[in-house]
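Each chain gets a letter, A, B, C and D, in the order it is written, and its residues are counted from 1.
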Amino acid sequence: MKRSLGGLWDTWGITAILLLLLAVAPVLTPDFFSLDNAQSVLRESAYLGIVAAGMTFAIASGAFDLSVGGQLALCSVVSLMGFAAGGTVLAVAAALATGLACGLVNASLITRLAVPPFVATLGTLFVFRGVAYILTKDGPKTLPYDQIGSPFVKIGGLNVAGLPVPFLIMLAVYAAAWLLMRRTATGRRVLAYGSSPEAARFCGISPTRLRVFVFALVGVSVGIAALTYITRVWTADGSAQDGFELKVIAAVVLGGTSLKGGKGTLIGTFSAVLLVSVLNDMLVSEGVPSAYQRIVLGGVLIIALTIDGLRTRFAAPGSLRRAVTGLGGRTPKTGLAR
Amino acid sequence: GCSDSNSPSDTPSKSGKVVVGFSVYDMQYEFFQKMEKGTREAAVAKGWEFKLHDEKSDENEMVTGAQALIDQGVDVLIISPFKPSALGPIIAKAKAKGVPVIVDDIGGGGAPYDAIVISDNAGGGKLAADYMAKQIVANGKTSKNVASITCEPSAVYAARRNAGFKEAIEKQGFKVVAELSGNSKAEEGYKVMKDIMAKNPDVAGVFSCNDPMGVAAANAVKDAGKNPVTDIVTVGFNADPEALTAIKAGGLAATVAQDPNAMGALTVKLADQALKKETITFGNAAEREVFNPVLLVTKDNVATIK
Amino acid sequence: MANSGRRALLEVEGLTVEFPGVRALDNVHFDVAAGEVHALVGENGAGKSTLLKVLGGLHRPSAGAIRLGGNAYRPRRPSDAMHAGIAVIYQEFNLYPDLSVAENVFSGREPFHRFSRGIRYAEINSRAAALFATLGVSIDPAAAVNSLTVSEQQLVEIAKALSVNGRIIVMDEPTAALSADEVARLLDVVRRLRAEGRSVIYVSHRLDEVFAVADRVTVLRDGKHVRTSPLAGTSTDELVRLMVGRDIASMFHRDDVADGDVVLELDRVSAGRQLREVSMTVRAGEIVGIGGVAGAGQPELSQVIFGAVPLKSGQMRLGGNAYRPKGPADAMKAGVGFLHEDRKTAGILPDLTVRHNLTISVLDKVRGALGRLLSPSAELDIFSTYRARLAIRTTGPDQLIGQLSGGNQQKVLFGRALAPGARLLILNEPTRGVDIGAKVEIHHLINEITADGAGVIMISSDLPELLGISDRVYVFASGQIVGHLTGDDRTEENVMLCATTGRKIFSEAAS
Amino acid sequence: MTAVLRRVPLMLPLIVVVLVLGLATDSFLTGGNVENVLVAAGIVALPGLAMTFCLAMGEFDLSIGSTVSLAGVICCSSLIAGQPLFVAMALALAAGAAIGLANGLVVTKLGVTPFIATLATLVIVRGISLAYSGGHDQIVSSTGLKYLVGGRPLGIPMPIVLAVIATVVAWWAMNRTRFGRWVCSVGSNREAARVSGLPVDRIRIAVYVLVGVAGGVWGLLISSQLQKGNGQLGMGFELDAITVVVIGGTALLGGRASIVGTVLGALLIETIRNGLNLLNTPPAYQRVSVGLLLIAALAIKGLRRADIPVAPTVVPEATR
């Protein structure tokens, strides 16, 4: 047999849970599959999903990027300023360039000043948000209402073939990310480095190049996400999406990517993003009060991962898989700590 | 999301019953719980169907939820926006479907809503300043130094309170020696007040743009061995229950009351007028603002505030 | 059956362990008497470690029974084994890199002060020191384990097992990382344990050790029991045949390869205290052996050349050009290949498959039609080549490398080092933990690459190997070259003399 | 002295920041202000110390911010219901312990990744706290509760006393007792800990309970300051607690812990925060400054580490 059941679950488990939820959704929420609602679910999760794709690489390489919330705020603000100054083209260029720049800032702190990624990106989370705050001292940047016809403003609201454009962008990002992770040398190096930085170094993988790549990639993914985000909410300031980093990391981990590095599943991340979004939509449309929404959402998170946890725990013989792959121990000492 | 809701409808929907959607800022806060209550009760009294959406302090959730209400075919939308500047896409969709939008509190973000009910935030800040100045003098203090605690920088509506306060208190010859943010949070308001007192031992008054920070600052004053009414005149904003309790107990000098319940009821009245295409009387027609008065609450009148 | 005079202390019957796609143990039976040293041998992947893990409470068998002292023994967790008096030294270390040596040795069994709950550090430090004294080494009990060399770490594992005072001490390849003198002292300890009436189960690929110390031997092949017999009266060849299923032609064969140009030249190279003023050359087609006691600077030498440790002073030339790599990536671009001696930490990529572990250093060569994208079929070709050549025992290209037996992991890493086709290949302990058959094949491959014109530096603590296939040998002591042996000077005695007594021997022919 | 600077993480950055603030302001080094900073640092140090054990074990507990809220709500609503203070406090701490136990069980027995398990708890407990308080402030006026932050045994503010005691106990527990060594063992190599027969699950559960109780203490301290409990308190505190530990030098993946580092981390963070306020830094610039200072503090550490001539470590980890 080519792959064990466990291997299949690693990649497809969360997708299976998503499908299960989708199967019961119409029963619990009759309105669920109405065109409007389905489109709305797909549209609202795009920006989170796109950043989660980038974050999957960071976590697979064994590091977090805690600064994505600050990056999103900053990219959005700068992009809106770009739009005001030069229309659609400048807005798009500004978002991508800002994302890339943020990523490179993170990468240089980590590779040149040897600041551990956790602290470096925690620091830049404050810095990026702070710069966004400074740029919006006189009030949030917005897409003016009279620009409603501009192609840029439309990105967030348009549908093509019934699918929201932000979702189509997210699909494209995932397709590219999947190829990058599974079919390119760079993606393989990311996994190798995350699995064991020390061994990867002796395979000729340059830790510096690798980290520059990973953090720049996260930055660019935030730049793309910012485009779908601002064209959807039309505004940004320093406070945009407070707590974003935790949501993104949660989606990646829920999808099955290990925080210890070495494993990354984009299919899992994709499904996890939709899972949370669908669940949220169901709770909201059912009119569940927000206090209880939290309780249900948290409970479902635990249940989803319990299935996985129990499978690993009782995989025969003994907890062998953990024993051998080093999941339990610290064997692949990753960049998180460095 | 039935197909007929895609066409602009200026008549109440199929059931004959008017459906009103209310998107609320965040039901965690007592202020908005009261606003929701006021809105709901007024709508029900009119025989309308009431649909609630909680934005949970998230602009993405705000846009998604409000658009979903419109998709579900509400006849009129009332929204207390977490981010006023994100009203654009909501109003664009509402316009496309012929749904009037009444904004409650916070701000309108420059979008073409039908009307906004708003407290006079700057005026409230002025009320606080005038009271504080008078009280400092009455307390026999000679210091002209006061402080101001702000919400998070993005809270544009709240900043107007601090701005109104600052302008008015400086007119009275006082100096705002510290203007620091407690990010709307009680925990931070407490720490910031401690820092302010450490740097300016002679500070004679402090204004906070919300009550959680205001009451926290008063606690910090007490913990420093001073009195928040007679030593450092401490004033909040909102008339949250904790502020009223504190004022009664002599633990806070004053607060500025908004009446979220009444604001909610007012939005329903405006919604009705908008549905019936009646003309609305604005307090400030240029911004389509309808003001809801604010009221200074002190020990003298606290008993009359519910 | 054998040893019928003594009553069996441990009896294993019908033991079967299955992993997805593999039956690692298939109806295995054997027994160990009290006061017996029982050797367990077999090819890589035969199931030795799996058997020991069952005894230690790490794996649960799918069938079979174990009796200990006549009673059923069904360990469900490692502490069950400890309580039953079974101490296991596993093939892969189980150490806490951040903790001290003594803390590692007494983990879970630390004595502590009643009142303050504080660990009795003085006691565990002195007890650890005493254990090392019996092993004839001095390791600082207060040192952090991550500052130790691999062989010192192995000794910590041994001390840990000895400190348990078990009835049965199980040792899985305890000498794979030890130098000759350390091996000798360990064997003394094993004999002493036997004299105390304790039993030892001893796994090793070094048959000389097995003959030196064991009373009986059990051979496993493909997870099945082949034979248990007393060692007296058994010959090496017979044992090898039982293990491998065929005869092994010639051990330590070295082809005649004409020397070419100088590939690597070191001129007074220093890197901290570990490596001082080292000058040496390697020619194309040459195998240059590096010997010496463990920790005498060999790993530092190899890592300086590979760019993993910065050069402090001196010069290096590669293919005639000045060479100063900024890191391993740089070194590999310049055509230097490398095999690390620390398989678990700096070798395997545990979350990756066997195929991906093999191809990680040649990603540029496994591109498909599209140019940028990796070609799975090109990767499979590489996998198939090395799997066949090195007899890598795996369920397939997509098995995680961590699921292979230790020796098979080593083969994969050897394949990885060869794959880029380097002009200078640095091999640290290339055959550590591999079985006899694979060892011969690895030596073949090393011969082949020198025939193709590459130069090889081989660091090995296995003296017969070092002397058997190297053309010249440099001996290291305290970070310096203390001997250079060519031709007939290449003897075990000379290596030992230089390495341990500080005598310097430089062969005439070499200069 | 230089040895101390070298060995103790964050000592140097802390001294630099203190010197700069001492020169740049005339209020930083006044007694009242120093006390403010010490009290604030003491209050984050307490949960930080517990979190140090969690990180030393190679795990996170993200739920602590919500525990703060629930503990406060429980304590205050019990007081309102007329319970004696010690009962109210005990109930709050018990709630913290229960949350910790729940985390521990979910993580060990159900095998859920700590990150997700405790994130889920964060969300759930916040929901419970909101639901339990009915969304209302639970306002109290309790001199007894106030003593927790306002008391001055021997003239020293209570939070400082508590923090000093906790630091000594935590240092001893971490560095000298079996429990601390086992926690580091689990973080250093969990598989080895299992093989050595350590009660790995029980150790992990114990640490989560410890963090839960610390969250309860934190909640009591906050409610003592504010004389109320509600569903909003403690938001984002998880990151504060983890931050002081991480900048203090405890490895994120476990195995190594610095109790002193955590305390200095708390001091550094609170000094920076206080300093920026004394300098009247506008809110928009505060974040940028905090971020830059954090990076600078750790960069100094990083550079310094790179300076120390290290013998080439060829074998960084156990194994062959």
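Criterion: a residue touches a chain if its C-beta (ideal position, glycine included) is under 8 Å from a C-beta of that chain, and two chains touch if they have at least 3 such contacts.
Protein names from UniProt, one per chain: A = Sugar ABC transporter permease; D = Ribose ABC transporter permease.
Here the structure is a predicted model, which means the values were calculated and not measured.
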Legend entry - Smallest number of contact steps required from chain C to reach chain D: 1
Inset, instruction - Skim through the chains and flag the pair connected by the most C-beta pairs in contact. - result: A-D
Inset, instruction - Could you pull out the chain whose C-alpha mean position is farthest off from that of chain B? - result: C
Inset, instruction - Give, as an integer number of Å, the spacing between the C-alpha centres of chain D and chain B. - result: 34
Legend entry - Intercentroid distance (Cα basis), chain C paired with chain B, Å: 71
Inset, instruction - Please work out the Cα centroid separation of chain A and chain D, and write it as a whole number of Å. - result: 28
Legend entry - Multi-partner residues of chain D (each touching 2 or more other chains): 130, 135, 187-189, 191-192, 194, 231, 251, 255, 283-284, 286, 316-317
Inset, instruction - Identify all positions of chain B at which a residue touches two or more other chains, and write them in rising order. - result: 27-28, 152-153
Inset, instruction - Mind pulling the residue numbers of chain A that touch at least two other chains? - result: 133, 137, 198, 238, 258, 289-291, 323, 326, 330-331
Inset, instruction - Have a look at which chains touch which and call the overall pattern line, ring, star, complete or other. - result: other
Inset, instruction - By the touch definition up top, name every chain pair that qualifies. - result: A-B, A-C, A-D, B-D, C-D
Legend entry - chain D residues within the chain B interface of the complex: 25, 27, 30, 32-33, 36, 40, 130, 135-137, 139, 141, 146, 149-150, 222, 225-228, 231-235, 273-274, 277-278, 280, 282-284, 286
Inset, instruction - Enumerate the contact residues on chain A facing chain B in the complex. - result: 31, 34-37, 40, 43-44, 47, 133, 136-137, 139-145, 148, 156-157, 229, 232-235, 237-241, 284-285, 287, 289-291
Legend entry - Residues on chain C engaged by chain A in the complex (per definition of touch): 17-21, 58-62, 97, 306, 308, 327-329, 331-333, 338, 340, 344-352, 356, 360-361, 363-364, 372-374, 396, 398, 400, 402-403, 416
Legend entry - Contact footprint of chain C on chain A as seen in their complex: 1-7, 179, 183-185, 188-189, 191-192, 194-196, 198-206, 209, 258, 261-263, 316-318, 320, 323-326, 330-332
Inset, instruction - Give every residue of chain B touching chain D within the complex, in rising order. - result: 27-30, 33, 150, 152-153, 178-181, 183, 185-187, 190-192, 194-199, 201, 212, 215-216, 219-220, 223-224, 240-242, 245, 249, 251
